[in-house]
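This is the structure I want to talk about, given as structure tokens.
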Amino acid sequence: MRFRTISFLSDYGLVDEFVGVVKSVIRTIAPDVVVIDITHDIAPHDVRGGGLALARATPYLAPGVVIAIVDPGVGSARRAVAVEVGGGASVLVGPDNGVLAPAVALCGGATAAVVLDRPEYQLDTEGVGATFAGRDVFAPVAAHLCTGAPLGAVGTPVAPDSLTPALVPVARVEPDAIVAEVLWVDRFGNAQLNLDPDDVAAFGDDVRLRIRDDLRRASRVHTFADVRAGEVGLVTDSSGLVALCVDRGSAASELRLEPGDEVRLERDSATVDNAVPLSLRPRGGWR
Amino acid sequence: MRFRTISFLSDYGLVDEFVGVVKSVIRTIAPDVVVIDITHDIAPHDVRGGGLALARATPYLAPGVVIAIVDPGVGSARRAVAVEVGGGASVLVGPDNGVLAPAVALCGGATAAVVLDRPEYQLDTEGVGATFAGRDVFAPVAAHLCTGAPLGAVGTPVAPDSLTPALVPVARVEPDAIVAEVLWVDRFGNAQLNLDPDDVAAFGDDVRLRIRDDLRRASRVHTFADVRAGEVGLVTDSSGLVALCVDRGSAASELRLEPGDEVRLERDSATVDNAVPLSLRPRGGWR
Amino acid sequence: MRFRTISFLSDYGLVDEFVGVVKSVIRTIAPDVVVIDITHDIAPHDVRGGGLALARATPYLAPGVVIAIVDPGVGSARRAVAVEVGGGASVLVGPDNGVLAPAVALCGGATAAVVLDRPEYQLDTEGVGATFAGRDVFAPVAAHLCTGAPLGAVGTPVAPDSLTPALVPVARVEPDAIVAEVLWVDRFGNAQLNLDPDDVAAFGDDVRLRIRDDLRRASRVHTFADVRAGEVGLVTDSSGLVALCVDRGSAASELRLEPGDEVRLERDSATVDNAVPLSLRPRGGWR
């Protein structure tokens, strides 16, 4: 056994049998591997959302193989790939459409990559369509990597810099404002922005939020419970980015926000001095 | 250990603790067994939908025990059964209401069956109602089968041909059309029909769809990405059946289709020569 | 290994990566532990609902560690605790806000408890916010307890009677009625009341239900299938409490009920003699 854990993210949902079938294929090839579900409720075909969720989880994943499937181009000319990081510490498997890219970048970049073109490591699909690569390509390849197949056995090497890169939005700096974007709305309605807490700190403890044509006051808080009733909090979230929150309610519902929406943070005077690069580097890792 | 894997499908949903309790019972009796969830979001009481989902997964399941629970008659006179297939290769456990039948048929039919009437292999339900057979009957029986209990120990033999059969609809052939039925709408909105690709091939690459009083053009495609904007594709899906699809959208939403709805495939001239039996035989199996 | 199983309940949902990250942290610290999901779809911040779901599952859980997280006060002054039951048979980990309390009571009460204040058994959260205690506190503590860390190592002892107690509603007895409350509505729409079957039995087989201003007839039944069309059944459910049900439909939808709603059970004459304490003691346990 080279790896004992497969971490698995997809947009398959849990209503159909897709996830169970992928796990059954893995179980049959590599019975001693444990599969850990990251999530399967990425919105259908939301490559960006899937890539960001994987990146948020990445610093905490057990070493091993990662399967990430958000694959609107399944069966078409898009490439299926396995990407090695850390010189072989882990391998990420999925379509080459950008869904793997933020996680690969967080791990220091790809040290090798292959296109999955070896049918002997995939399921025979005679008589069925090419619409379920999770079952027919990614699951068997991931399982064979766990049981010891070298990367070079499951596919043909490609240059790591030929992989589709991540397109992560960067907040835009204006004289008296930062124009940020909602990266993620979580189950509780917290709206994560592409902002470092340090960038907001330059504005002091209170800022104005401009969302479409609405203006709201927001205050920096340490925890959700610190947000005063009727106000919006700016909390440093569990990824180390700034999130909009309200206490025991949904900031996203209240402010009508969803991923991709623009949020302007404004102050009354003075200018913002520095650029505001989005940082998705590992934080809060292991002691 | 006779079996190391239990594959588990139900209509329990994941909102309540039902699935977790079933797994806890299994874990207590047979701690080394791995449970693989096929899905638990079968619509409540949808015996047909549960049976079809199990059948689609069946060719890929790890050998072992299968628990399938869609059980509107729980606690009533309906029989609880364990059905052996492949001369003991696997055992399916659930209510005898047809939910197991398509999977049993795919496995070549039952080689033995018992009615689960041995309380010593079930939980003591003194003081609680007979409403949760998954916890009290199916989970402990499945776990005991894994640890080595013979089929004949957990119940009284019944004739396999006394089991409730599957009622799978067969497409109807008319002079210039095939009248098919939607078997399944998946998370992405693809609508699987009870049609073999070969049957559609006889119509050429383009057909007319008649759904209620609406007419639409549809074309045979190899992948979802091949469907042209605004058109409907006829793809061979991952079960080897024909599914209606649109590119990066929901065919079911667009065509207002749900399982059980009728879809007519028409051509302008010529007749359909052959009957169109639904085939749910295993496809795309292991090399 | 002191424990091999972690049972895990939360209000994290399955849409985000929260649950997967918690499991990844456990997998990294204690790779041989199996995590069993009880449910993660407790309504956000519904401490009472989470505590009741955990209590319903408790008699069936495998011995080991239980993580229960419904934690609106995360990061605030609320205490994070580990609570030992059965003299060390199991340990429950979570916020000290009452979510653990019904389960602890069912297990005979706490035999020891600690406040989780030892950073060496938690993740380093430098650079990230204090909003994800599941990942940073509860998961690593639970994993370390499994691998052998004594309770006294992971936190500072506190008196068990200082833990936040459960507030479980008790049905109210009036001369000719019992005023009960809906504890839980399950996926199928069955509405569990805080009533023992014995209490209802004193009314005979038929009662009147008064819900807001509506009156309905209800009859005691053994199974869902025994309910006559158009009627409401009073079934002894799988927890041993009385639930309102209809056959193959949702009693909660039909009667417009949700947890916390009041339901009066009335009879025409005579009085109710006894108090009606809610009993959440283990029932139907192991032979």
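Each chain carries a letter (A, B and C) given by its place in the written order, and its residues are counted from 1.
FYI, a residue touches a chain if its C-beta (ideal position, glycine included) is under 8 Å from a C-beta of that chain, and two chains touch if they have at least 3 such contacts.
Just so it is clear, the model here is predicted, and its values are computed rather than measured.
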| item | value |
| --- | --- |
| Angle of rotation relating chain B to chain C [CA atoms, steps of 5 degrees] | 120 |
| Residue-number overlap at the chain A/chain C interface, same or different (half cut) | different |
| Centre-to-centre distance between chain C and chain A (centres being mean Cα positions), rounded to whole Å | 32 |
| Junction residues of chain C - those touching two or more other chains | 14 |
| Residue numbers on chain B that touch chain A, as the complex places them | 4-5, 7, 9, 14, 34, 36-41, 53-54, 56-57, 60-63, 186-188, 190, 222-226, 235-240, 243, 248, 283-287 |
| Chain A partner contacts - residues on chain C that touch it in the complex | 12-21, 23-25, 27-28, 31, 44-45, 72-76, 120, 123-132, 135-136 |
